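Order as written gives the chain letters A, B and C; numbering starts at 1 within each chain.
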């Protein structure tokens, strides 16, 4: 009985995987062995292990980490506070809403907001700190990236928090735990799955940001995405671009394994 | 379950309603039916009124699509799947497309208005005899700057940019050939240099510029320079014209060591379906009155000599955008350096970007 | 867990303020007679008039919406299948493989997805346009739906299923009356994430579109070169206002329904 059900679900899903995941991966790996003139070569992989690309990889991972960290730090309290409100689903939708406005427009808006003569600097002058260079810094880059990824972190955490049985919390305080201990040993572990989903949905795409690296950080921050975009669109060196993509996929696989879901009940 | 079913049914119903609405709007535009002309152009690079006029004159329906980079456009066209009748690449892209057999030769017999184009802009290295392309707009690459922000200083050469007074005051465009070319020109080398040693030299010189470079960006450079986020922008002449229109304090100069002369020309891809219509379109754009109207709307320099006469004095006498022949002699058109060399340029540029940290 | 009420409220307000700051900035300048996003010169509605006269832009906006709704809906359904499929798989190794494959599209840079899909579609012979864009959007939205739904499935206690089976439920009943209602929050989360992905996407759409079909993102990026006219601000503001109205309206209608049927037994 169960076998039939499982087979049925697998059919459309595996079909999608083969068509849109496996086939493109094969294409990408295939391309990574060709150089810019179409000759078969391992040269692309050699190139990847040179200082330029290794530095870029490190830089990408570092920034992706920062972005994920800050997203988590900001999203978690937000998600928690949302569960306490009266019209929680409404507020949740309102949090997601800004992400439906076109990214380029929002980036231009930030260019204006963070500009030398923009509102942010006016505010800083008002409170006495004085004009600062906000644009084209690491700060603005991480800030805007977190801005973009926040809904992806809030949603899964919110869902996890909603699932949390309130009686656990009451039990904890009955047993004498203060707020921090309750959080550390009851709430957070039970919402870990949501946190993991959120981190995956943020960290992994953050590795290949390229629009924001140009618009907000003025190419001060270089990610692997910058290089890929250049190779694919400008140089037409699909081989090198594909090689970088292969490494991104491997990195992703490793991260998935490291943060893998351990069995904890469930249906099967 | 019921709720899910209800919500999803609603979504599908709404979608189909919208599809009906969209096809209705499409029909009102006349997008259905034959006798269409597919035009693929840069964003906002034509006066929309001219399209309407063309449709009226010829009875053809223009399907107008836009792109934002030569490479993306070339990828789309070479992959097939969609047939463009006319497209307007930059000169280096035309050289590439020619090499890869992506273009069909033009029938000059069908282009009587060709005679209005200034001789200077015809028969250039990237398309001898204009077999495949007809000039649409042209321009230079140079420095737009704000003298007020620089205490009245005047910039005249690439080497001026290396001045230590200009810390954090320069925006560069995100173009490998342009930036490396700037380095090459400042060393009095050619923009089409292929000697790796000289290229390395140029790159090393650029590395010393990094303290002055605030950011390397794209189209938003116009907004930022106009907003005085930095005093200097290294940009194409068309962008400079836009920026100066926004902020009258700014000035544009073509550096005296030399620089790039670029062209955007009209071509007909091999996959075109309506070759006749394409020729009609090109000839229409060559008409001096149309070319003048277009030049006024778009703001870039027209290669059409008679159209130039029709433009208001303040435009046609502006030496910054219509420089004297002596200066244009010093400007170079980009040659197609071949994929490998271009990849090398891009690698150098990537290294330069990374150096900035 | 008691939290300092005022501080909490302030935090939420701050988050919302920052989230909506760029949107408000865009809206503010959509009324600017000055023509660009600097120096507000005077109030005008001319950009809004231009929007309604620009039939091409309106068609593009409609197309964007249609693609977003359809691709989100279909990918949600496919994604739920996928999550179910993964959960029912017995072997942990297969589970992990499927999950890793699932996430490949999230980590792959848009440019590569776009390029590989383009090649793929050309090989199969699908004409570029509405179909290819729709298929692509469905394809890259499925993973995020799976990521949103999977945790909920895994949290579900198997005793619920056993209880249902004991009471004589068929497979279909278990699915429709036990599983789906439980994971509905995850399904909606997945749907909205898919919607976001679709509305925001530029690179993939750009590569796989053709024959006059375009979406808002592609159009806006194309116009950026000549400077984005405030017409786009106006259009975005309109879309934003309509969406907010829909969201709030839908929510309050729903609330009323829930209240009126609260007394009765909830039908599955």
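Simple rule for what comes next: a contact is a pair of C-beta atoms (placed from the backbone, for glycine too) under 8 Å apart; a residue touches a chain by one contact, two chains touch by 3 or more.
Model, not experiment: these values are computed from the prediction.
Trainee: Quick check: which two chains are joined by the most contacting C-beta pairs?
Mentor: A-C
Trainee: Farthest from chain A in C-alpha centre terms, which chain would that be?
Mentor: For chain A, the chain whose C-alpha mean is farthest off is B.
Trainee: Using mean C-alpha positions as chain centres, tell me how far chain B is from chain C in Å, no decimals.
Mentor: The separation of the two C-alpha centroids amounts to 34 Å.
Trainee: What is the distance, in whole Å, between the centres of chain A and chain C, each centre taken as the mean of its C-alpha atoms?
Mentor: 16
Trainee: Which whole number of Å gives the spacing of the CA centres of chain A and chain B?
Mentor: Taking the average C-alpha coordinate of chain A and of chain B, the gap between them is 34 Å.
Trainee: Which positions in chain A touch two or more other chains at once?
Mentor: 108, 112, 117, 233
Trainee: Chain B: which residues touch two or more other chains?
Mentor: Residue numbers touching two or more other chains: 72, 75, 218, 220, 223, 227.
Trainee: Touching two or more other chains, which residues of chain C qualify?
Mentor: 37-38, 115, 119, 221, 224
Trainee: Spell out the part of chain B that touches chain C in their complex, as residue ranges.
Mentor: Residue positions touching the partner: 1-4, 8, 11-12, 14-15, 18-19, 21-22, 25-26, 28-29, 31, 38, 42-45, 63-68, 72, 75-76, 79-83, 218-220, 222-223, 226-227, 242, 246, 298.
Trainee: For chain C, which residues count as touching chain A in their complex?
Mentor: These residues of chain C touch chain A: 1-3, 8, 11-12, 15-16, 18-23, 25-26, 29, 37-38, 78, 81-82, 84-90, 92, 96, 98-113, 115-117, 119-120, 139-140, 142, 144, 147-148, 150-158, 161, 171, 175, 179, 185-186, 189, 192-193, 195-196, 199-200, 202, 216-217, 220-221, 224, 228, 232-233, 236, 239-240, 243-244, 247-248, 251, 255.
Trainee: Flag every residue of chain B that touches chain A in the complex, lowest number first.
Mentor: Against chain A, the touching part of chain B is residues 69, 71-72, 74-75, 168, 171, 174, 176, 214-218, 220, 223-224, 227-229, 339-340, 342-343, 346-347, 349-351, 353-354, 356-357.
Trainee: Which part of chain C faces chain B closely enough to touch in the complex?
Mentor: My answer: residues 36-38, 55-56, 58-59, 62-63, 65-66, 69-70, 72-73, 76-77, 115, 118-119, 121-122, 126-129, 132, 176-177, 180-181, 184, 187, 206-207, 210-212, 214, 219, 221-227, 229, 267-268.
Trainee: Please name which positions on chain A make contact with chain B in the complex.
Mentor: The touching residues are 36-37, 52, 55-56, 59, 107-108, 111-112, 115-117, 133, 135-136, 214-215, 217-220, 222, 226-227, 230-231, 233-237, 240.
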